[in-house]
Structures are given as C-alpha cells and as structure tokens.
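I've put the structures underneath this note.
Two complexes are shown next, each including subunit A; its partner changes from subunit B in the first to subunit C in the second.
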Partner chain A sequence: MPLKWVFYWKPNPGTTVNSQILAEVSQCAEAINGIKDGRWKVNLTYYKPIFRDQAAVSEIPRDFIGMSLPERPNKFYFTLKNHRIVVEADLSIQNIMEKLQSYRSRVTLVFEGVQYKLGDFQLRVGKVVPSHQETLRGIVMEVEYLPISSMEKSRQIMDDFTGIWQETLAKRSLPGQFVCTEPNFSEFGLADNYTPQHTAVQYATVMADLIASAQSVTSVRN
Partner chain B sequence: MQYQPLPVSSPPPSGESRTAEAPPMQVALAMDRLSQAARLIADIRIGADSLLEALFMASQPHQSTKPLQFFAKEDASMRQHLQDLRSVGKQLEESGVINESLRARSNSWGLHMPLVCPDGAVVAYAWKRQLAGQAGASAVDRARLAFKAFTDQKRRFFPHLEDGVNGQSSESVSKRRRVSVSHEDDATDYRTLSDVLSQLEKEAPNVKVFTYDRLDWLKRAALLPASSNENPMEVVKEQSLLSLNRLGCDTVGAVSTTEVAIVELLFPSVFRAIVSLHPAGSTDPDAVAFFSPDEGGSYVHARGRSVHNVFRHITDHAAMALQYFLGFKTHTALYSTLLWICSYQTLFTEICSECGRLLSMDKQSAVLLPPVHRLYKNISVSSSKDQHPHLPSFQAYHPGCYSEETKPL
Partner chain C sequence: MECIVQGIIETQHVEALGILLQGLCGVQKEQLRIHELCLKSVPNLGSVSSEVKILCDLVPPETTWTVRHVGGSMRGAGADQISVLVRTMVESKASKNVLRFFYALGYKLDHELLRVGFAFHFHRGAQISVTVSSINKMLKLHATDDAVPVTPGMQLVEVTAPATSENYTEVVAAMSSFCEHLAPLLHLSKPGISTGVVPTAAAAAASLMSDGGGTTL
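Entry: the complex of A and B
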C-alpha cells in the first residue's frame, strides 16, 4: 500500500495548540492546490488489563494501544511500543476482549479531520480529542504518496514535500511546527514495504510524543 | 406439337477465329449457346414425353401403324435434338463454360464466363452487366475481386504486416525484414529481440525484464496486485506461482522470439513499464506505458494509463520519445526506447537539471511532480563494439523547466 508519514503538531514552548491553528493548516493545504476529498477518522484506545491476581500488576505494560484504521475497516491493530510489538487482528477482537473481561479501555482518543488530494499526494489533517469530549489535545497530519510503497525509495520525495509544506506554513507565522519522528520499523519486525502495521506504529509513536510534550508542559507550569 | 428448330444465330467459330474474338464476343456466343442448349434440353424432355405417349398408344389394342409412325418420327427428332445438344455442349465446353478453362486463361478482360454448376444452375448474372459494358460480376465475385485487390495493395505497401492466413509466410516475411535491416546497419547488434534484451541487461543491471505474448500479458496484468490488496503474502504466492509456470520462458535466451509481443521492464518499488511490439516477434515498438509497481488490473497494458499523475505524465512524454526513436533512430528504436525507459530508475531521486529540485509544482496540471521528463533527442546509443560503452545520459527535467529554444529536448 502507499506509504505515509504521520506528523504531529509541536507547539512552541509556552504555547498550546488551538483550533485556529487547525484552520490555518487547512487553508495551507488548499493553497498548494489541495482538493477536499472527504473526512477521515482513527480511534485509538489505551487498554488496561483487568486483574484477578494483584501480584502481576507491576509487569503489565502501560502502553498497550489498540486502534482502528480507515484503510482497513475490518481490522484492528495493537501495539506494545516498549516491547516493539505490533499485531493485526480482526475487528471482532474488541468484542472478544469484552466478553473475556480481560482488558478494558482506559482512555480513547479520536483523530478526525478532512483529507485533501494534492496530485499524487494525499494529506490528512485532523484534531486529537478524547472521545465524547471537545477539548483539543493536539493536531495530527498524515502525508501519503500514492505511487510508491517503499519507505526507502520515497524518502527523498517525502523530504522534499515536507520542505515545501513547512515553507508554505512558515508564511503564516504559526506558533509551532509539524514534527515527524520516524520510528525504527525494523525493530518492530516491519519491512521496507509499507503496511497498515507501519501506520499503527507511527500512531503509537505520535501518542508517546504527544503525551511526553504534554507532560513537559505541565511540569514547566508546575 | 410442332417444334421448329431455331437456326443457330452464328456459325460455330473455328479454333483460330475463336482466339481472335474479343472476350465480350466470346461471352455473347457462350450465352447464345447456353440458351440454345436450354431449348434443346426442353425439346428433349418434350420428345421423351412424346415417345412415352407413342408407346402407350402402341399398347392400346386397336391401333395399327399410327403409333409406330409417331414413334419413328419422335425417335428421329429426339436423336436430332440429342445430336444438336452434343454439338452445342462441345462448343460450350471448348469455350470454357462447362469447365473453368477460360477462367484460367489470361486476357479475359476480367470478364467471367457463365458457369454451369454440376447441379445445373447457371451462374449467369454477370453476363448482362458484362455485355452492357459494366464492370460487373456477381456479388460473390465482386467481393472476391475487391479482397484480392486489397490484399495485393496491402502486400505492396505494408509488407511487414502478416497475411494472417499462413503462419509460415508471416515468419518468413519477418525474417526477411530482419536480415535486410542487418545489411543496412552493420554497426549495431540490435537485430533481434534477444540481442536487444541481452545488451540492455548489461547496461542497466537493476532492471527486471520479462517478455510475453499478448494473451499471457493480459492474464498477468489481471493477476497483478492492486494497491488496495489486503494480504501482500497471498499476492507474493500468486506471483511466484505464475513465475513458476513460466519457468524457462523468462530468460532472454530461451524466449521464443517469434511470439513475443510485450516487454515488461520492472524496477522494483519504482515503476513498471510495458512496451508493445508490433508485429509480434519483431523489434518494432509501437506503444509504451508506465505504471506504479503496485498497480494491477486489466488496464495495465502498453496503451493503458496509470491512475497516478506522475506516471501519466511519463507515459505522455514516452509517446513522443517513441515517435522520435522510430523516426530518427529506426534501426535501434527498440534498444533506444528500452535504454531511455531505464533512465527512469532515478525517477524519485534525481533532481531536475534546470531548477535543481526534486518536487516542483507543475503549472499545467497543478500537481507536485518529480522530474518526469528525460532528454531523448541527440543521444547516441553506443554499440557493443565500442571500446568504452557507456550509458548515455538522459537528463531529467520537470515539464516546465526547459525551453525548446535554448535546450533542445
């Protein structure tokens, strides 16, 4: 499948993300001839195990994430970031977990927004909100280049696009920028050919970075 | 009933005078004789009836000599009719009506003698038109004449097109062509498809080349994974099955070059190019198209269009390059085309020679594109006999980054 890079908005120190930034970013997409192409949505859930036995509490990882991706509507993806594990499962796994009473969701976040078509690129810009709430926790962007599936072969093109995008954004003097920390896919056992598992890993990384930056903001405040 | 034998309208011509007669006269005489023959046959039928009547009368008890006289008279006239019919028949035979001897003779002005078919039917429609001076023939004949004229013209002006009827003749035609090409150009080795492909593999080692006949390519294109394929592992298995089935057919040396109509150039993860050869087995490319290596489906062929802008632009550019190679580098057209195609392996990495960037917004189509154009003019393709063969440099440009006046593309 075509490869994509997932970015998140990193606000400048002392500022926070707000919906005005999201509006400006959407305008930028249209400025480089982007055509609105519909909406997109990703649900991401942090899971917490349900214990019968209290002794095992300390061993359970805290970063067990499950998510649904729009390009594979009947699949569900799990990541254990610190253990470098990514798994694809059927969508019914959520029912199974509920019936087994093995895990329950701790917090669910929704990434949703508008997607734009820019020639052979596809851009998705969206907000990050906790489910059933309206407080904006972050802004996320996906850049997809449709003709190629190889991470390596597309690196230069994606770098170039990122450069053009950052240039366009810079004209609007926004308090922050989009950042993409590329995870080490090979640690997760993923190859050069792009798959939904790559997307899952990128989202898990983005979440970790968002939480880390939010925590640093609160620690600065404190 | 009385029968008056009609006088023969013209004396039966002798052998010499017949050859001196023009074909329309021959046709007229033959028509006359045919109608005579028809009348004689009718007379004979009537005579046979009369004979039977005479016999019947003779069987009646109270008749004396009347039936005998009647019978004798009928017998005499019957013999006369049969004699006349024999002579007319002989004349007709000599003039080629009963058989096809006249048709086989030359100089019949394209006119056809009426033919008496074995079941008695006379194909005579042509006659009236012919005698009226019209270049006429029956519908079947007209169609036959037209088809013959067409195939003659086709053979004359398009000698490389197959006749389609005889596989042997088409093979010999294409072999003749190949030999003539080599006489004209001894410098290069690009006479046959195998030569071209083996030379290409030396110059561009990263490319994967496959050859197919047309039907095989259609099957393979349908099996190619579409980019939304869910399970890449299944697709890999299918592809390996397909390649197993084609064991022995993929290597350049083993391919039967008289049937190859499609050449596939695959640069994994970069692009797939399909080149069509016409006629099959020749070294004449007639179409080329570029696709993403992830594209699959029956639209993936040498005249298809990719869903991606970048490959559509390249396909359009390739059409012009192909015309250039066919027009100005006819002897090495296929090799030049394939080599030029291989220059696109740097599609996503090589910057534009003019603006120095990789991605640039194309003004015409309003999309971001890498340099999708490659120089194709004024490039010399070195032969294998050169001491230092080198890959000619096909410089990369964005569509808007060069001008025809300063830099000829």
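Entry: the complex of A and C
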C-alpha cells in the first residue's frame, strides 16, 4: 500500500491555530497545481478506564486510542503508546469494548479535510475538531506517496517533496510550521513495508504532539 | 447474538458422527485446532468484572486471532420454552498482538484450553456451524503441543448459528430441525444442562459405519 507521513501544525510561540491558516494552506496546495480529489476523514477516540471505587489501579493505562482510517474502512485500530502496541481488529471490536464496560470512550476527535492530487503524491489537509463541535483544535496534513510501500526507499523522495512544499508555505509567512515526528515503528513491531498500523501509530504520535503543543501554549499564557 | 446447543459423544462414535454430518451438510469438514485463552479483568477495573476470550486458530497455513465476548442469555418464559440457548455474542478478528493488548489493559489469564477436532459450516435455513472437539488442558503455560484431554474418551459437540433479535425464532427452528437428525447419536441441549450420552449411540454408529453414511436421512 502507499505510504504516508502525517504532520501537525505547530504554531509559533505566542500564537494559536486558526481557520485562516487552514485556508491559506489549502490555497497553497492549489497554487502548486494540487487538484482537489475529494474529502477524507479519520475518527479518533480516547478510551479511559472505569474503576469500581475511587482508587485507581496503578498498572492500568490512563488512556488509549481507538481509530478508524479511510484506507481500511472495515477495520479499527487501537494504539497503546506507552506499551508500544498497535492492534488491528474488525469494527465489531468497538462493540466488544462497550460490552466489557472496563473502558469508556470519552473524547472523539475528527480529522477531516480536502484531498489534493499532485502527480504521484496525495496531499491531505484538514482540521482537528471534537466530534459534534466546530472548535478548531489543530491542523493536520498527510503526504502520501503512491508508488512505493518501503519507508526507507521512499525517504529521499518524501524529504524532497515535503521540502519543496514547506518552502512554498514559508513564502506566506504563516505563524508556524508543519512538523512530523517520525515514530520508531520497529518498537511497535512494524516493518519497513507500510501498513495501516503505521498510520495509526503516526496519528497517536500527532495527538501526543498536539496535546504537548497546546499545553505549552497554555503555560506561555500563564 | 448466537443460538447454541451442546452435547457429548463418546470418542469411539465420533467417526460415525463425522460420516452422518458429511451426508447431512454436503460440505467438506474442516480441521479444528483452537487455543482458547479466557481472560478476566483485574479487581476494581470496570463497572463490573468482565471476561473476554482470545481464540487462536492454529490450523495451518496461518494462525489467526479472534476476540470473542459472550454475554447474557435470553431469559423469560419465551426463552424457557425453546430448546436452544439464545445469547449475545460478539466476535472480532484481530492482529496477533491482541493478547498482549488485553494484558496491558488489565486483563489476566484465567484459564486456557485447546480444542481439537473438526467442524462443518453450511447453510440450512440458517448459517449453521457444527464443531466436534476434544477439550484439552495444558500442563504448562501455553504448551499446546503437550495438551492432555480433560475428559478422555468423550468429545464435545456444539451447534451454533448467528442470529439477530429479529430472526432468532427462525434460526432456532432451523437449528432444532437440524439437530433432530443427530438424535440417534447424541442429544443436544442448552449449555449447562447436561443430558449425557444417548443409549442408541452404539447401534446408530454401527449402522452408519457399515453403510458408510450413504443412507439419505
């Protein structure tokens, strides 16, 4: 399957993310001849443990993430970042989790936006919003390269493409930049050949970065 | 949801049962070798204590993993009147690290067993599955190669079919009708209500073995 890198928008210190940035990024994609090619959407849910009495059980994870990805609409993915676990299951696993009543789905975030086609690349730019709300919590971008599945073999061309794209964006002097923290996929038992599990791990990493970024903005304000 | 009945049969009659099922179902039997791990939530996790089964299908070429949750069975006067148990059951295929995932979530291994036998999957008014298997326990953790039978000389027969709250009466009828054909060899009843082996089993098995299952029922 094609591989992708997932980026999040890191605002400059003292600034916050806003929909104007998203609009400008989209304009930029069109300016470099990106052809609109439909919409995309990722749903990501935080599961939190339920305890029968107040005392939390120490070895239980504070939360984990469940998500559905457009590249495998009939599958569901769980990531447990601290344990370096990513699991692929059927959609019915959500029903099982509900019946077990040991974890509750708390917050669902929706990543959605427009997909652009640029030759062998696909660029997806979208907003991060809590489900049923319009409050913008972040901006994400996926860069997908269609012909190759090997992470290593595609590294050079992905670097080149994202370099050109970042330069194009830089000309607009936007208050921040797209950042991609590459997870250590091998720690999750994932090989060089790209799979949807790689995408799930990247989204879990992006979420951790988005939360850290939001917390640093809050601490700057305070 | 699923509909289920169970019964037991002496191992010496299993071959005859296989011949009978082959004739009834018209499909090839499939080999069955499933490592079943039953997990329970640690104390205090969850609004109630919970159980989940992780099934590892060991039949080559590739081991596959399934998560199964069996919920409460249907109750009430209507449920008492039918000879089949109707219960909630949800399954999901999963990647091979799913056991590690549940351990990390706070589930512990309660017990494990190995089912070895054969299965038939076919459509006859409902999507029916019949499994005939010996239940084995492991003397060492996960040592499936050294498993020993829990009830030597006796095997478990399960007939199941998926159902929904809309169609379960038809599924129950289809299953009951099918189970009647097995009556000479074994009696099937709701899980937990053991009815033992049937006295006609030896004679029925002898008859089946002598004509090779060619008799149309």
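Quick note on the criterion: the second predicted complex is superposed on the first by the 216 of 222 C-alpha atoms of A that agree within 3 Å, B and C clash if a C-alpha of one lies under 4 Å from a C-alpha of the other, contacts with A are read in each partner's own complex, and residues count from 1 in each chain.
Going forward, a contact is a pair of C-beta atoms (placed from the backbone, for glycine too) under 8 Å apart; a residue touches a chain by one contact, two chains touch by 3 or more.
Note that the structure is a prediction, hence the values are computed from the model and not measured.
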| item | value |
| --- | --- |
| Which superposed partner A:180 touches (first subunit B, second subunit C, both, neither) | neither |
| First, second, both or neither for A:214, with subunit B first and subunit C second | neither |
| Touching partner for A:146 - first (subunit B), second (subunit C), both, neither | first |
| Partner chain in contact with A:50 - subunit B first, subunit C second, else both or neither | second |
| First (subunit B), second (subunit C), both or neither touched by A:129 | neither |
| Partner chain in contact with A:114 - subunit B first, subunit C second, else both or neither | neither |
| Touched partner set for A:154, first subunit B, second subunit C, both or neither | first |
| Contacts on subunit A seen with subunit B and repeated with subunit C across the two complexes | none |
| Residue ranges of subunit A touching subunit C (in the complex, touch as defined) | 49-53, 55, 57, 59-61, 64, 78, 80, 83, 85-93, 95-96, 99-103, 189, 197 |
| Residue ranges of subunit B in contact with subunit A within the complex | 227-230, 232, 269-270, 292-294, 306-311, 348-349, 357-359, 361, 365-370 |
| Residues on subunit A engaged by subunit B in the complex (per definition of touch) | 1-2, 32-33, 71-72, 118-121, 146-150, 152-154, 156-157, 160-161, 164, 192-193, 195 |
| Footprint of subunit A on subunit C - complex, ascending | 41-48, 50, 52, 67, 69, 71, 88, 90-95, 97-98, 100-101, 104-106 |
